[in-house]
């Protein structure tokens, strides 16, 4: 019985549509759970700036506030370890997701980011068997997710040597930054047949390439509604084909249920894996219809889903 | 004759086209006080900088105690006991008096320096200004301008290891009232009598005449006359400086202004302040007793902070020009025109030719010594900067002019001209509110308010405006 | 003689009062904070901020501003979590080297009369680049002695409080009491007069920058001690935090008017303000905005206290 | 020789020189297409120029004056305007109006904090930026709405080969230059930047002028946000982030005095082009993020070293 337990969400950033969708899903799912009396409280906290130090302070405050579990999307996989350890020592269950932490006492709901990068190249190798030049758009330098996805992409290129990365820019996961960076290198790039991305930057790249009046390469999208819509337009106009892949923001709700299960006394493995959410040519329309205008393609989880994930990890 | 402490031979310094020093030879012997006078921009401060080691002359040599020094700089000067009081504030306003003493005396370091520095400066302050009430643990920025000047003077005379031998005072009394100035001059005489040397620069000639043993007159970068003090008269000095000799400064004929409309007033603690149209109202009293605050209050009350006024009500001539006078990045021209831009513009756009014309007019009228009004304001000597501030205020249409001891550093000749301009403007109906530390100027006013402890203590009118009455009103109550 | 509080004392009284008020509010909202462990949790992340604030304050005392504080502390954190652990000697050498670089920056800024804002802006890119080279992905580990130091449990008061007091005392002694401190602040107050007294202003500026480098290095080391590992972006926020801390503590941008004790109190106040907000439970949409609001309130408090002080003085 | 000497005194020449070098290097050694690179540079520099000019006016007001609320103002103006227009071409003007109104509101609040609560501008605008960011989150929770087609086409198109956004920036720059160099207002802000007490005593309406300047900066930021959102196909919550440092960097690199009182419009163009081109150049060389950052920093420092050391008082 967890009806007396209090769970907190520690979030380090709210400045993009993915995080907003994540917070919305959390609010929706936990709101119902609280109403149904499954848990006593499920409060969300966001730091003003995307900084590990600030999040560490936030976690320390949660310890003081007496939460029973902390669900955590971390600014850094390692820099919060000190605070997470303090929380564990105070008897608090810590479940990290998306941005996971390496501290052994915490649970991790991870996405295989490396695989996410590698699968993009694999997809391209099927579509463009002859290979060619790729442009890589990376995220924020020095951040774990960026490093992982990029490593996966490079692994993929090693696996499919017909591809060559001719340019690599940092788009900071922001569409205007990606657009600017791509526009800056494009004039000095040879013909590019594919663009591998990290999510949130595909549409910016498409715009920069269109502005330079170059042939449109295959741009791997990141599940944002504007990307899907642009893809749909292109598809209708000239049969443009690509794929889209990203982690679903609703994974926060999975983490919530996992935390609830742990508090309930269930035996749960420390490392759980969730699949990423992939959209292909044939299920584009369906996914687009389910996505809020201007939002991100999403999946929300139920208690039953969580139990299934926990069981399958055993 | 004993060897000169410092001897400058044929020094030449020029700033661009301006020859600030054009072959100056000057020797200061132990036990003498050399008075240095000259018009604004004559080169006095420049020769001071040379003697002080802050400026290497482009030509000429410097000797000390009989030996010619090839490498002469600030530290060489200081180790020979040369000290300097600059007129512009040269203390660190964010440090306490004691900490400033530490800065000045490089050898005061080590454990317990605070105690030693306190001793050094307090001894000196007590010796020069007996009865002063300056707390040496206070931050200099919190002191009044007069107190700061006192501290600076005391600092120059203080002894912490290297005894001072030659002290240069560049207009040291400009912010001091008569009694403090007299205390300082008395100390200078004592210091000289005990074998020290002093160079005294001042535009207040009787100070020079009563204190110096030898008087040197400079004009346009040269020494034009040099005689023992006893051989000079005030008249002769003025003549040697090249100013047109006018009669004694005199109060203009009494006018009955009782019926004139009130131009500006302020009711606060003590007697209310009131100035009528066309009147010259003096603010007197000991320095730092609320005169500047009164001017600030009058200014704040009738100037707009949010919207520009079509017709300005008041204008202000700053005394502390570094703090609230000049704009350091600008040319002389822009500095002059800034207060009257409304009249020099059309639809908000400044008319360049009108501006230049107005500036040229004032350059002639008030004799600003510069080859080009477009050159930088800091290239002017201190007195000339002050003239620019005057021109700035007078060139507006404001009916009331507030003046905060505006003649600091202005030479005798120019002062007479400015007095004349003030008289003319007053006759045309302008009102002047004039704070001054110089008795002579206060006595030029139609009516005088004497300040004590932040409030008006007495009001003197007409023939009652005399030095004795003002001093009496300034000190009344204090003695009791 | 009028009895007045000295400007320095006032500079201190106001931040101290606002800290006290905020602390009272936090205790009222969350009584659990009123304990040894609670205080440590509230304040331990303030220790590196306090050190960075002192570093920024030293730079501000010579009328300059350091926009690279955040990236520099991040870089030091990366060095600490890598070299200082694996090859302590090399690590020490690097940290010593960067302090020298800081002093060198002071010299260059002075000699070429450069605006410190631009130079430090450029340096912020350099430090960030070096940090990314060192740790492309977060990682590394704090040297054990650093970790031990930061998690020490001294008797009576928790480490966070002891460390803050220690920092304040040391900085106060260096900046306010020593001859060097007087010289540095003198340069901020009136450079010309310091020059006229025969001091080397370059030397003073270099010393100020070098000292700032030392404190910033300490900030980076302390930070890693708390977080156990580093990443290239770990302390980016410290640039603005350190400036805000100096201002909250009664310092000013120009004129060499600074207060080390005030700066430490400012850093503590900033940290506490964040906690205060989490205890309030605001809607997620407005949590970020509330951080702005609390800053405004704390500074408005400063104004209020200032006013009261003035009225007191006038009486 | 005399001419060269005169030109090298111009504070803006160095940023232009650096921009040209980066442009030239990218084309010659990187093999970039001249037209493509030039167009891209003009396009993206335009946004930095617009926010940079606003920031320049504020920085001219003197030490400590800086507007950190620029990025969040851009975000709020962009999100609200796009939400209001909702892909409807008829709503373009109301959208622009609301963006400008947001700018005005931000300016009013900023100056209210600075004036009424005596909060130092850096902290006041930082606090404000948090509140604005919250407002942006609250209004539409980060949903990206597409701009009206006419506007999207206008912002991405070129006229005679020149990008439209850079033409907008040019018009704004000319107005700003005129304001600064020819009008009373320009004199006033320069005077205030040199000495606020002196400006007050010279009869300048100091508060009004400062207020208008903060207003102006916020409105320009809002305008830039509006244009950027339309240009990049929708507003994002993080879209202004990089314009915080950028707006300051282009101002100071462009030769505007950080200590206030002296501003420089042409320099902003040089610096904005340079900041874009230097990143393009390093991207073209395919250097890693770390090296790229270090190079960017070193280049910024070299530019300021060349430009610095000017004798004061060249005006």
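Annotations
Letters A, B, C and D name the chains as they come in the text, with residue numbers starting at 1 for each one.
What we mean here is this: a contact is a pair of C-beta atoms (placed from the backbone, for glycine too) under 8 Å apart; a residue touches a chain by one contact, two chains touch by 3 or more.
Worth saying up front: this structure is predicted, and the values here are computed from it rather than measured.
Separation of subunit B from subunit D in touch steps, taking the shortest path, is 1. Counted as hops between touching chains, the shortest connection from subunit A to subunit B is 2. Taking the mean Cα position of each chain as its centre, B sits at the greatest distance from subunit A. A separation of 35 Å divides the Cα centre of subunit A from that of subunit C. Annotation: 29 Å between the Cα-based centres of subunit C and subunit D. Centre-to-centre separation of subunit B and subunit C, using mean CA positions: 42 Å. Subunit A and subunit D have Cα centroids lying 32 Å from one another. Annotation for subunit D: residues 130, 133, 137, 141, 257, 289-290, 293, 312 touch two or more other chains.
For subunit A, the set of residues touching two or more other chains reads 14, 48, 141-142.
Among the residues of subunit C, those touching two or more other chains are numbered 128, 131-132, 136, 287-288, 291-292. Taken together, the touching pairs give a contact graph of some other shape, not a line, ring, star or complete one.
Pairwise, the chains that touch each other are A-C, A-D, B-C, B-D, C-D. By the touch rule above, subunit D contacts subunit B in their complex via residues 182-185, 187, 190-191, 194-195, 197-208, 211, 257, 261-262, 312-313, 315.
Against subunit C, the residues of subunit B that register as touching in their complex are 52, 54, 74-75, 78, 84, 86, 89-95, 99-100, 102-104, 106, 109, 113-114, 133, 135, 137-139, 141-142.
Within the complex formed with subunit D, the subunit B residues making contact are 299, 303-309, 312, 314-316, 318, 323-331, 334, 338-339, 341-342, 345, 348-350, 376, 378-379, 392, 396, 398. If you check the complex, the residues on subunit D that touch subunit A are 26, 30-33, 36-37, 40-41, 43-44, 130, 133, 137, 140-146, 156, 228, 231-234, 236-239, 241-242, 276-277, 279-280, 283-284, 286, 289-290, 293.
Interface residues of subunit C, counted against subunit B in their complex, comprise 1, 4, 6-8, 177, 179, 182-183, 185-186, 188-190, 192-199, 255-257.
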